[in-house]
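Please go over the structures that come below.
The following pair of complexes shares a single chain, subunit A, combined with subunit B in the former and subunit C in the latter.
Moving on to the complex of A and B:
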């Protein structure tokens, strides 16, 4: 079927991003907006808007889709994007859900189920398993093990993770056996609060490691990869800079991860766009499956930059029931791209969120520069949503060229009214270790510590 | 379809054209958006202002009348633009001649319904070259002071009876939650005994959960904000009668 009208059940830059492709394809857009977003830039750009109570309310989204006469729902990322209930509700209402099937969403959303699928597909996983929890009702879950014994078998340090998790919530590193019980209890309570699922599991904590992910695209039968991305520059599991391809990875590791991602996609009969995340130890050429993100991701533009593809258009094509028009051999990966997340957070105050009103928004323009944003002078940055203001994506024939563009482009960004991550991004772009490439997930925290120390030394 | 603020490729096309011309500023203004391009020493900058108003679907409309809606919407995107959208002003100014009438050209393209009229709103933006986009971000480094510690109950104290009333304030603007999760028992109730480190609630700001400690030992006297209500930065969340 050919989609003619899509309800976009999201906000922010991804809403604008989806609209851009819809417009190019001649698809009308109806944007679901909360009261706080009724006058936002995305609302102004949409063909129509329809107010909903919350982006997290499946019933409200379905009502909006029906009222709008939409033949599809694009959920963006976050919110309901990986919610199997929305996928099923769409199916029941005869509306196309632009995303993987509800079954795949269920498998990917439950980290333990995803882990089991990865094992079944032959992917390496970190030693670990489900933990038995006394007080929170997850006791007696099949396969649950005593935390202390399990951690002993895995070897410290271990990571406590939420089975229903995501976004870094419910994650805890435990180095000392004496702290394990407490970490499991708190992690479990946090997991239940955040995801309504108290189950937690343990995994070996690999340190230092890199966060590398592979973009996959499937039509339910054929699955291809669109290269890898490195997302190691992160703070508290929130990514700040991503790039494609992952620098200084080594061909064995790169090919291994790409092959593994496709194998998992085939095993899941993956339909749509997805990401398989890995933890990589580049030094020892080892990698382990982390999780599947069954949606379009924030950092998809770096993949678009090196493949020349429009990933939202690919999502829509698969949602329309088409077979992949691309074969693996026809995917060309050229050059290098880096994405900087410009968030309304104050790096000088521990990245504290800074809601408010944008008074000015000037971005760079030119060859190899792309800006995805939803803000302009006068935009409100409401406190109830995430802090992403804009993504600056730079690309070049080489990483060095992209990095050079990144420095020049960051210097021309000017956002007034709210504190942003721009100063941190600018300083990172000038840091030798980042410039060398291939930093691990511990890099940003270490760099921030060093910066803070420098500031202290200078003032002291 | 009608002009949507330009895509990255559109801007790139304009820049490719401008690069061969001696202009330093470029302003494209339509009733729906305004694009300003500036040449700075480091390269071009862009700022876009979307001016069109959102178009809410008629509220209370009968759900599921897609055919009918598809019909009316044929005029949708086009109708949204209206005749005014045909009026476009483009201004480009020359680098070398800041004082004199900059090389300014405006034109309009003929619309379908109404012949386009050039509306040259002289808004002064085409003049000074490169005034935007050259500021560095160093200013944002100010305020390192790391000001208020999150949620410390060091607010005003009102002497009353046995202990002082200490107000615990929201460290950030956000939604105040009294319990760790929906349906769970609140962290504290009026009458609860708290220590300085006792968590009295959570303020959720931009997806970040900030635990708010009492900041002072004592007994919870009253709540000022109800569960799941929005609290402005610094708003009183609750008051604690501090131990002496």
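Moving on to the complex of A and C:
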């Protein structure tokens, strides 16, 4: 079928991004907007808007889709993007959900189920398992084990993770067996509050490691990969800088991860765009499955830069029921791309979110520079939403060229009215360790500590 | 009331009729391809071997890549190629093996519908070509019944061709192709039923240029006469010497009670895109044409007339314009009424020009005319005037050309061309001078995105970048002042 009108159930830069592709394809866009976003740039760019109470309300989104006469819903990332209930509601209403099937969303959303699928598909996973909690509730889950015994078998340090979670919430590192019970209790309570699912599981904590992910695209039958990305520059599991391809990985590891991601995609009969996340130990050439993100990612533009593809268009093509037009052999990966997340957060104050009003916004343009944003002078940054203001994506024939462009482009970004991560990004771009490439997930915290110390030394 | 489908010709015939075949580049096409894909056209007139040559020569773009990328961007609408079946890019006759390879590569790249246009209506040749297309995997073949006014091209003539097509399992449908826009509604009322009656139930399409403003009216009569598909243009690439404007045709057909299942919003989007592109690139927009009785005699398309006028004025011979036009009608009759479609307008015009400008008639005869008389393009529809035939063949050059070696087979081509090249490159090198193919291969890949409104700014930036650095740049107009000063640190 050919999609003619799409409801975009999201906000911010991803709403603008989806609209841009829809416009190119000749698809009408109807944007679901909250009252706080009624005057936003995306609201003005959409062909039509329809107000909803919350981006997290499945029924509100479905009502909007029906009222708008939309033949599909694009959920973007975050919010309801991986919510199987929305996918099922769409199916029941005869509306196309632009994303994987509800079954796949369920499998990917439940971290333990995803882990089981990964094992079935032959992917390496970290030693771990489900924790038995108390005498009621989640303990009924099959295979649940006593936390202390499980942790002993895994070996310390261990990571406590929420089975129904994501985005870093409910995660806890435990190095001392004495802290395990407390960490499990707090993690479980946090998971219950955030995801309505108290189940937690333990996994070996690998440190230092790199966060490398593989972009996959499937039509339900054929699955291909579109290369890898490195997202190791993160703080409390929030990514700040991503790049493609992952630098200094080694061919064995790279090929291994890409092959594993495709194997999992095939196992899941994956339909649409997805990301398979891995932890990698580049030194020992080992990697382990982390999770599947069954949606478009914030960092998808770095993959677009090195493949020359429009990933939103590929999502839509699959949603229209088409077979993949690309074969693995026809995917060409050229050059290097880096994405910087410019957030309304104050790096000098522990990355505290800084909502407010943007008074000026100037972005660079030029060869190898792309900016995905929804803000301009006068834009509101509401406190209730994610603080992402813009993504600066630079690309070049080599990582060195991309890095050079990143430094020049960051210097030309000017955002006034709210504190942003720009100073941190600029300093990171000048850091020798980052420039060398291949840093681990511990890097940013270490770098921040060093920077803070430096500031203290100077002011002292 | 009938259900009518549309075939859009903007990208091929529109571009050829109004923009000299050179207006559209790959990025222009790819930008609008996804929209065209969703309009609901039955097919798109997309390519010809001539257009493939122009892509290489004028734009240094790989035409095979253009087909592949467009196919990927518009998977639902079949892409059509129009060809004579005996040549590829160059005017020389190609070996049947070469033509078979051409069809195979075209199908592999994404062409599925093939128009078979034999300018002589040589049905044996058309059947052979149709078979080759099917063997190559082409899904639809469509025979061109090229309309013209002459002593021999009456309704019975076209009905006879239709009958020949009816019995061929390799020909799927036919269309009446009126390249000069000569068909009137009156003639359509006898011609279309005559053709339909003998076509054996195969669908009939209509393709009539707007040259003298007749075709939009013919299109309104056609559905009731049994035409199921009308070929139209979009926005700036409709009207003029192109085909009727799709938006107007749709509105008129619906007003008459017919059904046309296209997405009006997307059709308007496509039309506006071509108009925006025309404005950004300084290309002319097609406009509705006034009726011109004289045209029905010389039948020369606008482009040919413009070229003639320019050539004559360069020679200081503008006064001869009327005489040359008169001579065109005479030469055409003497040569057996070749239909005025490529390459014949150029050929007839060339002969008429030399007849008027040199010492006497047929004193000087271009090679194309000799080849035509020798039958290189097939058998002329009516016999060539005997005295003209003698005069043309009784010259050394005619004997030379008659003794030309037969066209090279694929194996012979492979021996002569660089080793290890792809079939696509082989075919380009067969049809074009090596240096043009080399230059295309050396060029950067074609751009894939195009925004008309940004072009003036990009041109300005390119110009500024290509000049010696200026220290200050000021744009000053009421209510606006932009002043750029060169930064010493960056200098």
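In the analysis below, the second predicted complex is superposed on the first by the 458 of 460 C-alpha atoms of A that agree within 3 Å, B and C clash if a C-alpha of one lies under 4 Å from a C-alpha of the other, contacts with A are read in each partner's own complex, and residues count from 1 in each chain.
One rule holds for everything that comes next: a contact is a pair of C-beta atoms (placed from the backbone, for glycine too) under 8 Å apart; a residue touches a chain by one contact, two chains touch by 3 or more.
Just so it is clear, the structure is predicted and the values come from calculations on it, not from any experiment.
**Student:** So if we stack both complexes on subunit A, do subunit B and subunit C clash, or do they fit?
**Tutor:** Aligned through their shared chain, the two binders clash on subunit A.
**Student:** Contacts for A:2 in the overlay, against subunit B (first) and subunit C (second): which applies, first, second, both or neither?
**Tutor:** second
**Student:** After superposition on the shared chain, which partner residues are touched by A:419: those of subunit B (first), subunit C (second), both, or neither?
**Tutor:** A:419 sits against subunit B, while subunit C stays out of touch.
**Student:** In the superposed arrangement, which partner chain does A:387 touch: subunit B (first), subunit C (second), both, or neither?
**Tutor:** first
**Student:** In the superposed model, which partner reaches more residues of subunit A, subunit B or subunit C?
**Tutor:** Answer, by number of touched residues of subunit A: B.
**Student:** Check the residue A:322 against both partner chains and state whether it touches subunit B (first), subunit C (second), both, or neither.
**Tutor:** second
**Student:** Let me test your reading of the model: by the given contact rule, A:28 touches which partner, first (subunit B), second (subunit C), both or neither?
**Tutor:** both
**Student:** Looking at the overlay, what does A:436 touch: subunit B (first), subunit C (second), both, or neither?
**Tutor:** neither
**Student:** What is the contact status of A:119 with respect to subunit B (first) and subunit C (second): first, second, both, or neither?
**Tutor:** Neither partner.
**Student:** Superposing on chain A puts subunit B and subunit C in one frame; which of 78-86, 96-104, 168-176 or 186-194 is the clashing stretch?
**Tutor:** Stretch clashing with the third chain: 96-104.
**Student:** Under the contact rule defined above, give the subunit A residues that sit at the interface with subunit B and also at the interface with subunit C.
**Tutor:** 4, 24, 26, 28
**Student:** Which of the residues in subunit B end up touching subunit A in this complex?
**Tutor:** So the residues of subunit B in touch with subunit A come to 1, 4-5, 7-8, 11-12, 15, 37-38, 40, 42-57, 59, 61, 63-67, 69-70, 73, 76-77, 80, 132-133, 135-138, 140-144, 146-147, 172-175, 180-181, 184, 204-208, 230.
**Student:** Note which residues of subunit A are touching subunit C in the complex, please.
**Tutor:** Going by the criterion above, the answer is residues 2, 4, 24-28, 308, 313, 317, 322, 325.
**Student:** If you look only at subunit A, which of its residues touch subunit B in the complex?
**Tutor:** Checking each residue of subunit A against subunit B gives 4-5, 19-20, 23-24, 26, 28, 30, 33, 38-41, 43-51, 63, 66-69, 71, 167, 189-190, 192-194, 344-346, 348-350, 352-353, 355, 360-367, 369-371, 376-377, 383-387, 408-409, 411-414, 419-420, 422-423, 426, 455.
**Student:** For the complex, which residues does subunit C have touching subunit A?
**Tutor:** 31, 34-35, 38, 72, 75-76, 263, 265-266, 269, 448
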